[in-house]
């Protein structure tokens, strides 16, 4: 394994971990809202969160590229006011990953909230606790197992995500070339031994990280069920 | 004075069922709720707590209006400042016994209270135990302690002692009376035990399937 | 500093092997220059360029994609033809030296061809088959690769008995030992003109232009020929 | 929209629906086993189910192609004994989709089972019911909401899946060319109007199907919580 | 004869707690379980049902050996042919009242039984109601009906009537006695009500924190 691939792995880890953390932070309130809000049109919103999945990733990536382009509203705003460009940058692939991973985090979390007995929330309210205290002291700790599912799915998906990232990030070594793209590259080049080796490394690292994530879950269950 | 005028109805598979309560009850009393299964005792407590919304009516506790359908007022449960003990306990599985009781405490500066309640309930040895590791009666005592820990001026206790053996039950009746004497709260409690109602309450709210009556003891 | 000498080159997938060798030779002569190669299908690269990818130079597998960049006003100068690619028929299991007639044999169950709307090599292959009136007979055997590399994978994995690929891939060490190839004669399929274009508004385009001139200079002729390409200035 | 794209849509639907149904059938027992088995090394197995996700889809597809090749064990067995080939066939892309979709179905279902109170199972057993009756009359009906999550994620993912299918299927019109590949083709060929049009159609159809799936869930919740 | 010799221990945050029971009880009797909260009554019923496994010992009901640690025998709950009513009901939320009771029925050909039980429990009007739409006492009656619907020869009832008002409680005590007379099952039931134990049981299994005694009434 050469140092290039090592850099690539570091970048992949950075992307996957950032994506997972950011998604966790935004999906908890989204899942909470989707579960408890009395808003009538929740099914369409739930469906909408899944929509980035139904387009082929490269096509999704293409649309993002178009959105990020300085010729269009978002891109020109970023360019002029924030003096930044998202296409072919780490921010860009981070945003793409977040979008692509959203359903994998929101869905299990929402499912977790909605399978909690409503008496937990009621009991906390009648003890005079605010929605916020109820949320983070009662509700979230009781859906740990759903959160683990969301984290594992998001993390694994982000490691393997590749179409969107390739399109938005453009395979630039050290900046946007993540491990999956590097492996893809080697396969395309018919360099199978290198591809196998890289795949194996990625596989083993991901495997142990996932085992770790799932073990946390197991320990949690032993404590409560 | 606690002023209660309310109309509430639940949809059941055999059509609507109505609960209509109109009464005035002095504050700082212990009111025993009694009546057949399904008469609406729990529902009434849930309405007082703000967990169910009546169709019509007005609920006023002292100077505070909890609910007024005409003025479209409905104070949320968090703001009603009460201690509710659920019939099915509703303890938090992510917390142990002590943490559950602590969670009920409204005053940050009073860890003493948790210890006192643990002692009263004879739960000191189970302090660190998880909820799923408790027996039925132990759960009931944790739920009661958690509600009492709020030190509020209004307690709503739904069958607080039903799963306890007689000695424990008698002891906790005494403790409830002690708390009543020291804090002077208003206490609503549901019980199916004639003696218990007789011993604790100063008023009785009798639920029958068609009407609800207040009886002075 | 080395950063100022960095040149990023987006190159069509069929160029991978020849360009890696050219790069090695070039860096020896110009150690101050840092060359970064990014390979992909011409279509994907074109889209990224049209949306602002920070590439200095684009080496396409055809002339059509560079022209579309020129048309959008994103090119510096006009496309320059840098080589001619040749089409080959490749197989790991079947004797292909007899030519295209084997395609109709029942031994051949699947034929891998690159997608003609994206890959010039695929377009050439389809035109060839149509010209020889073979297309209708074998159409139901064709599987379509996204680009010429994927087409080669279909064939090299043994799932397609025959594949139409770039001669440069057939000559690559990774493919050479695994099977046999048959070069389509010039009278049946004329060599594919591949063009390059400089992208407007990037740093170090001067260095990129020097590199472009270098690959069409006689210094590289032998490398192009090693991989079966025709030279740009001759044809 | 031309009739080619219509055929493509039909094929996409067939693939997505078959994949979802098959995955549902196999994930229920897998999820059950993962929840209730006392086997010690469950975390590694859970992690393993996620592994197809961490490889880039085209690379995963490449490995499947190698496995399907008549030059290798599985492929030659299929060829000689069953007289069938999986590469470039509907069976092939179906198997690829199932593999790629497995974690999206198994994870929520397992999570659902493990958040059921264990007393449901115990109560059913003490009433003399077999594990099988308990499974399909008590446990499965009480995790409907998790099943819906799994179905929605799997379905949406399958519609947008593209790298593996492209690799294993060979993009044969009417046989293995699904909508995501067709759209990708149009984008690659710079036929943007066609690509946008196709994307929109795919988007709208998927959207309504997902809204439908989620509405079922909503109705279910109204009935029980 | 029901022969019980068992050692069971639970891990609690304050170390191990032991439950040791050695007794012989005649079959076809009604045995009342009584004792303080947390003494192990529920645990004992769960062991009888096969939901908990003792560390050592032997449990034999009539001719059937349920458990024998020496022979490494442990009949699974499904095969023990009993009707268990849980202290916290454990009703199935996916089924309505009638379906829950039906689920308990072991004989396919006897839909009459469900109707009879609905009537006994005064639940006819709530037949189609979902579990979450029931009051506490209504749930308790469904759980009792579901256990009785098994028509087995061994019933394990964990505080079957604790959430019911006195008239209903008295009525259901009579009904339990009627079932006892007609089917002659063995019934173990937990209760904290002295009168109830006195009225129903022929034997009393007294749980104390250190030991368990069988008393003939």
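Letters A, B, C, D and E name the chains as they come in the text, with residue numbers starting at 1 for each one.
Note that contacts are C-beta pairs under 8 Å (C-beta built on N, C-alpha and C of every residue); 3 or more make two chains touch, one makes a residue touch a chain.
Which protein is which chain? UniProt says A, D = Molybdenum transport system permease; B, E = ATP-binding cassette domain-containing protein.
Here the structure is a predicted model, which means the values were calculated and not measured.
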Centroid comparison with chain A (C-alpha atoms), farthest chain: E
Relative to chain D, chain with the most remote C-alpha centre: B
Centre-of-Cα separation between chain E and chain D, whole angstrom: 44
For chain B paired with chain E, centre-to-centre distance based on mean C-alpha positions, whole Å: 29
Distance from chain D to chain A - Cα centre to Cα centre, in angstrom: 19
Where chain C touches two or more other chains, by residue: 44, 47, 150, 153
Residues of chain D touching at least two other chains: 58, 62, 184, 187, 225
Of all residues in chain E, the ones touching two or more other chains: 88
Pairwise chain contacts under the document criterion: A-B, A-C, A-D, B-E, C-D, D-E
Partner chain B, residues of chain A touching it in the complex: 117, 119-120, 122-131, 137-138, 141-142, 144, 223-225
Residues of chain E that touch chain D when the two form their complex: 49-51, 76-78, 80-84, 86, 88, 90-94, 103-104, 106, 130, 132, 146-147, 150, 152, 156
Residue ranges of chain A in contact with chain C within the complex: 58, 62, 65-66, 68-70, 85, 87-88, 166-167, 170-173, 185, 187-192
Chain C to chain A touching residues, read off their complex: 8, 13, 16, 36, 38-40, 44, 47-48, 51-55, 147, 149-150, 152-153, 156, 169, 172, 174-175
In the complex with chain D, residue positions of chain A that touch it: 42-44, 46-48, 50-60, 62-63, 103-104, 107-108, 110-112, 114-115, 118, 145-146, 149, 152-153, 156-157, 159-160, 162-163, 180-181, 183-184, 187, 195, 199, 202-203, 206-207, 210-211, 213-215, 217-218, 221, 225
